[in-house]
Amino acid sequence: MLEVQGLRKVYKSAGRSGRSGQREVEALRDLTFTVDTGELVCLVGPSGCGKTTLLRCIAGLLEPSGGKVSLDGREVNGPSPGLAMVFQEYGRSLFPWMSVRDNVELPLRQKKLPRERRVELVEQALEAVGLAGTESAFPWQLSGGMQQRVAIARAVAYEPSTLLMDEPFAAVDAQTRADLEDLVRALWQRLGVTVLFITHDIDEAVYLGQRVVMLSSSPTVVQDEVTVDLPADRDQLHTRADPRFTALRTHVYEQIQAAKLGAVSQAAPRS
Amino acid sequence: MLEVQGLRKVYKSAGRSGRSGQREVEALRDLTFTVDTGELVCLVGPSGCGKTTLLRCIAGLLEPSGGKVSLDGREVNGPSPGLAMVFQEYGRSLFPWMSVRDNVELPLRQKKLPRERRVELVEQALEAVGLAGTESAFPWQLSGGMQQRVAIARAVAYEPSTLLMDEPFAAVDAQTRADLEDLVRALWQRLGVTVLFITHDIDEAVYLGQRVVMLSSSPTVVQDEVTVDLPADRDQLHTRADPRFTALRTHVYEQIQAAKLGAVSQAAPRS
Amino acid sequence: GSSGGSSGDTDSGGVDQVKVGVIPIVDVAPIYLGKDKGFFKSRNIEVSMEAGQGGAAIVPGVVSGQFQFGFSNMTSLLIGQTKNVPVKTVAAGVASTGEQGKDFGGIMVKADSPIKTAADLAGKKISVNTLKNIGDTTVRESVRKAGGDPKAIQFVEMPFPNAPAALQEGQVDASWVVEPQLSEIKAAGGRLVASNFVDAAPNLTVAAYFTSAKLAGEDADLVKRFTEAINESLTYADAHPDEVRAVLASYTKIDEKTRAAMTLPKWPTEINQASVETLAKLGEQDGIFDGATPDVAKILP
Amino acid sequence: MKRLAYVLGLPVVLFAAWFVISAGSENFYAPPLSRILESFGRTWTLDRLQADVLPSLWRLIAGYVLASVIGVALGVAIGLSRGLRATVEPVLEFFRAIPPPVLVPVIMLFAGIGDGMKIIVIVFGCVWPVLLNTVEGVRAVDSVQLDTARAYGIGGPARIRQVVLPAASPQIAAGLRQALSIAIILMVISEMFAASNGLGFTIVQFQRSFAIPEMWSGIILLGLLGFALSLLFRLAEGWVLRWYHGLRSVTKGR
Amino acid sequence: MRGLAGLAGLLLIVEALPRFGLVNDGYLPPTSRIAAALGDEVVTAEFWQAVGDTLTGWAIGLAIAVAAGVVVGIVIGAVPVLRAATASTVEFLRPIPSVALIPLAVLLYGTDLGSTLLLVVYAAFWQVLVQVLYGVADVDPIAEETARSFRFGPWARIRNVLWPTALPYVFTGVRLAASVALVLAVTAELVIGAPGLGKMIAVAQTSGAVPDMYALIAVTGLLGVAINLAARVFERRSLAWHQSVRGEVPA
């Protein structure tokens, strides 16, 4: 189980040399929520509200300024084993000196999987994201969407127990996106992995998640949570046509709207 | 007027260490289409089909392997004056050594605008993308979506006569996205700028464009073109509710589906 | 010495500005002494010393006219002659004392070394400051005279200041050094095996002052005055060893004890032509002239 | 063909200019190039190459390889640890500023006067560019790449080997490139002490015995040696960093 | 603070080595004796004159080398044809040791500042040049394309894209060149006898004044430490945006 309790994060950094002096940004004010083991939760919120920051704290890559994150009862101080993350900066998170294959395989080596198993996993993962045939290319020889899919393949092949995804489908076309959504759900169902999924696409959040957590705009708190009471067996055509789906997405949309408006009325000074 | 005639682009590059030898990718096979001066055309197509490649050729950043691109009758050999481009890799196209303000202002300096005008344009553009208050931050202190908006602000402030945008709203939330869509349309109407807009969101393509050009998957040709016969005055609520809108988006969706399927049946070897 | 601003022999009120390239060692004490005593000033020469580390810096300086005069050992000058370096000696520089065991340079070994005489040096590793120069030719002569085989010596090039340590650490079997390293090794318990300058020739002229052929031709008067001044300085220095020991403090950092203990060289005013010819012969024998035969007369004044 | 023209073009022009300008030179220290070239053939015979150049090359390569290994290893450690850097940097800077010639006596105290001493002198001089560039390269590794490695539990040696070193490799290459020519320079300097053979020794010997055309021919040989080694280096770099050159030339598209 | 600890450790080792008889204290005297010698030196005007002379040669030489290295590096780096045409010549000239040029320097300038400058500039120039060349090659293609697409002129591209990208490399180059320049300034004085610290070292060396020699060498080293300190401060200010500096702001 993933627990986030009173999480707070303030970025301190010098602004443009002296002109504006110290710049302090309160990215997260006070976040509390839990994700059960094996749950698939989607996270939505306005741009710049701190979703990436939250994910980095959960992954143990960033130290919170306050509050705490714990995974399966243990407090997170550094990256936990069995955790995989798809970064929003997919381009920069691939290693340009390695072929696509090596990029996907590297974490598996760390897991000390035998060679055949690694080859198999890499092949399956690349196949699943529609990149069979590009194994020997370097990442920078691929299009943006292809790079993003390599990053997804890397996380998928890793067979993590916790999967954090930061806008993983932002750069792919609608059709591929639908396929990848189904891939994530299939993986989740097959492996029972805990998934925290950030997206800007409200339909996607509702289609994918068992629950949708909505963040307010900065200073960020949890605005609302919705349980998605759609049947567990979902498919692109029928689920999206379900009136309940439409009701849910409208609700989420309104909440985000409200979050944004709230932000405007508060208008916290930023620098 | 922008004319693309028989455009072809083949990437030649060594694959990973001789294992697979020379890797040749035919990104574009034979593209022909035109965009009238002052027209707003959206471009959709499967991931990796060559949209970015096409835009780079049009911007004069990449030399085609065949065919030609001409802008207002003159053949494109290098970047044309009055052209602005929003890159898909927004993060890397911002200069990390400059504040947000300087990033947006720099091209204006190159245009030799007077100081007051520059300040005004920068302020307006940042305001329009919802980033007022972050002028003195460095790009890497911003969230992904905010960085992308800085890149958009830079292009907008430039007041170009031709605007090329490569999935410019991929990293922003739904609400901001809607605002930005309206911003682009307003800018287009106010300045009469020629816009070529790449997106993966079919609704967005139909909502924004006067015409939607659909590309096939690799080897890439123009799959289809649709003229969007919706009224010129569009707004998020009513236009999207228009039955004609739904009809159009369904048509585009089907075409893209067809493009993908075509690709699978052809299954061109890639390396 | 600092470079006195204006360079060359510009006439300023009849006084010639003269730069002399020297090595800051005991050998050149007379010129410092002579400067202090006014021997140069009285001949309308304003002399300043440029302290280089060796011929590599001094000879090009003299040839190009950056320095008017320079100080160099005779073997180097002989080598230069075979290569037609356009220089000419103008005065004697420094000479061996001619007394076996009491010269300002010699071959040293550690106290407990099995090497007793020069003959034992055959087959050993000996450090000299520069190879194919005055050091190794004269050391060979010492060995030869003592009945050893000079061909079997293994020479290693090592600057004088580093020799005591190398000798102490056993990196070389023997070192050819001059003062003040000679006294330093002695103080550390080292032993003198041979005085190679004395073995090479009686009253060997070790070094000389020289000028470029160009200056010698164009300004004979200046050369003449400089020679006179140097000769006066040499004579004075030879007669006043205490003042020599004192002037050393002004341009070296030799400590007082060593200054008092060390053996001073001789400073005759005449270049001993016979000894130079001997040097030429020895050098030729050892092949340091690349097969050429130096013309001694050409470099002597 | 075109590449050959690029490689030889400027040198040919410069040598031609040198030839013409120096043709009638009376200056003892700047003899006509014709005499230098003539002495080149005479001086650098096969025997001489074997007796003097080979030992030099061996010291050079041993010193260079050792310096590269030390520089990269130490550089990675210092680059990764801020505390270590704060502690050792002043000491390193202290040694960096001391001229190798004055350090030789100290090195001789510990390492004797054999090849070991000369190799240490070479190491001592050419480790700095490798070290500094490695430190800076490691410090500049992209934070997202580091985070990726951390998130996937790629730690310890694997992180250094798979992430840190490749990411810093372009800058390390700059350091190795610098070190190569410095190693040649230090080879010459080290042979000024306690040597009895070697290219540097021979050149200094020529200088001291007023064999000026021979000295210049030696300098030309040094230049040729540097050029040849840098050619090898470029080949190796082009191979190891082919991903980088590909990445960087993506857009040049030409 | 921690740096002081590092230096103190070095001093302790140098004190201990001869004290415990690991090396002969006649050849490597303990720190205390070197310090005493240094104490005697620093009160003399001659010493400060020498430091001043050395620093003058160093500063002027470094300034020329850096300016020339940066300008030439950017011009060559930005124009591929030039780079291809000059590569072989650069590689040929780089390994020529400054010491081999000593006769040439003396020939041209005697023991004047010019000699020192010639040697210093020759040695330090290549360090800067090579770093700039690698730095210029490091430009992010997307950043470069951005500049091209907005039709930045050559000057604007150099100033706004090439230069900031190359800056971290240039800094390393300047730090390398700074110490090479110091080394060469001292060596030139040592060998040619131009006035300065090197000449004092040479005199101490030939006179067998070992503690004095080490005291002077230590001064050279300390100058290096001071120079590096200044470079680091400057770097922190002008590279605040760069990963290597911003990565170290405590989170």
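When the chains are written out, they are named A, B, C, D and E in that same order, and each has its own residue count from 1.
In the analysis below, a contact is a pair of C-beta atoms (placed from the backbone, for glycine too) under 8 Å apart; a residue touches a chain by one contact, two chains touch by 3 or more.
Source: prediction; values computed, not measured.
Graph distance from chain A to chain C, where chains that touch are one step apart, equals 2. Looking at chain A and chain E, the chains in contact with each of them are B, D. Set against one another, A-D and D-E show the most C-beta pairs in contact at D-E. Centroid to centroid, with C-alpha atoms defining each point, chain B and chain D lie 47 Å apart. Between the Cα centres of chain C and chain E there is a gap of 36 Å. One simple way to say how far apart two chains are is to compare their mean CA positions; for chain A and chain B this gives 25 Å.
Shared contact sites, meaning residues of chain B that touch two or more other chains, fall at 13, 56, 61, 89, 92, 138. Looking at chain C, residues 54, 56, 60, 63-64, 159, 161, 165, 169 sit in touch with two or more other chains.
Chain contacts: chain D has residues 27, 29, 105, 109, 142, 192, 204, 207, 212, 246-247, 250-251 touching two or more partner chains.
Interface of chain D with chain A (complex): residues 142, 144-145, 147-148, 150-155, 158, 162-163, 166-167, 169, 243-244, 246-247, 250.
For chain D in complex with chain E, the residues that touch the partner chain are 3, 6-11, 14, 27, 29-30, 82-83, 86-91, 93-103, 105-106, 109-110, 128-129, 132-133, 136, 139-143, 170-171, 173-175, 177-178, 180-181, 184-185, 188-189, 192, 200, 203-204, 207, 212, 215, 218-219, 222-227, 229-231, 247-252.
Of all residues in chain E, those touching chain D in their complex are 1-7, 9-10, 23-24, 27-28, 84-89, 91-100, 103-104, 107, 123, 126-127, 130-131, 134-135, 137-139, 141-142, 144-145, 168-169, 171-172, 175-176, 179, 182-184, 186-187, 190-191, 198, 201, 205, 213, 217, 220-225, 227-229, 242-244, 247-248.
The part of chain B that touches chain E in the complex is made up of residues 56, 59-61, 78-81, 83-85, 87, 89, 92-93, 95-98, 106-107, 109-110, 138, 140, 158. Chain C makes touch with chain E in their complex at residues 2-3, 7, 19, 21, 23-25, 50-54, 56-57, 60-61, 63-64, 66-67, 159-161, 164-165, 168-169, 180-181, 184, 188, 251-255, 258.
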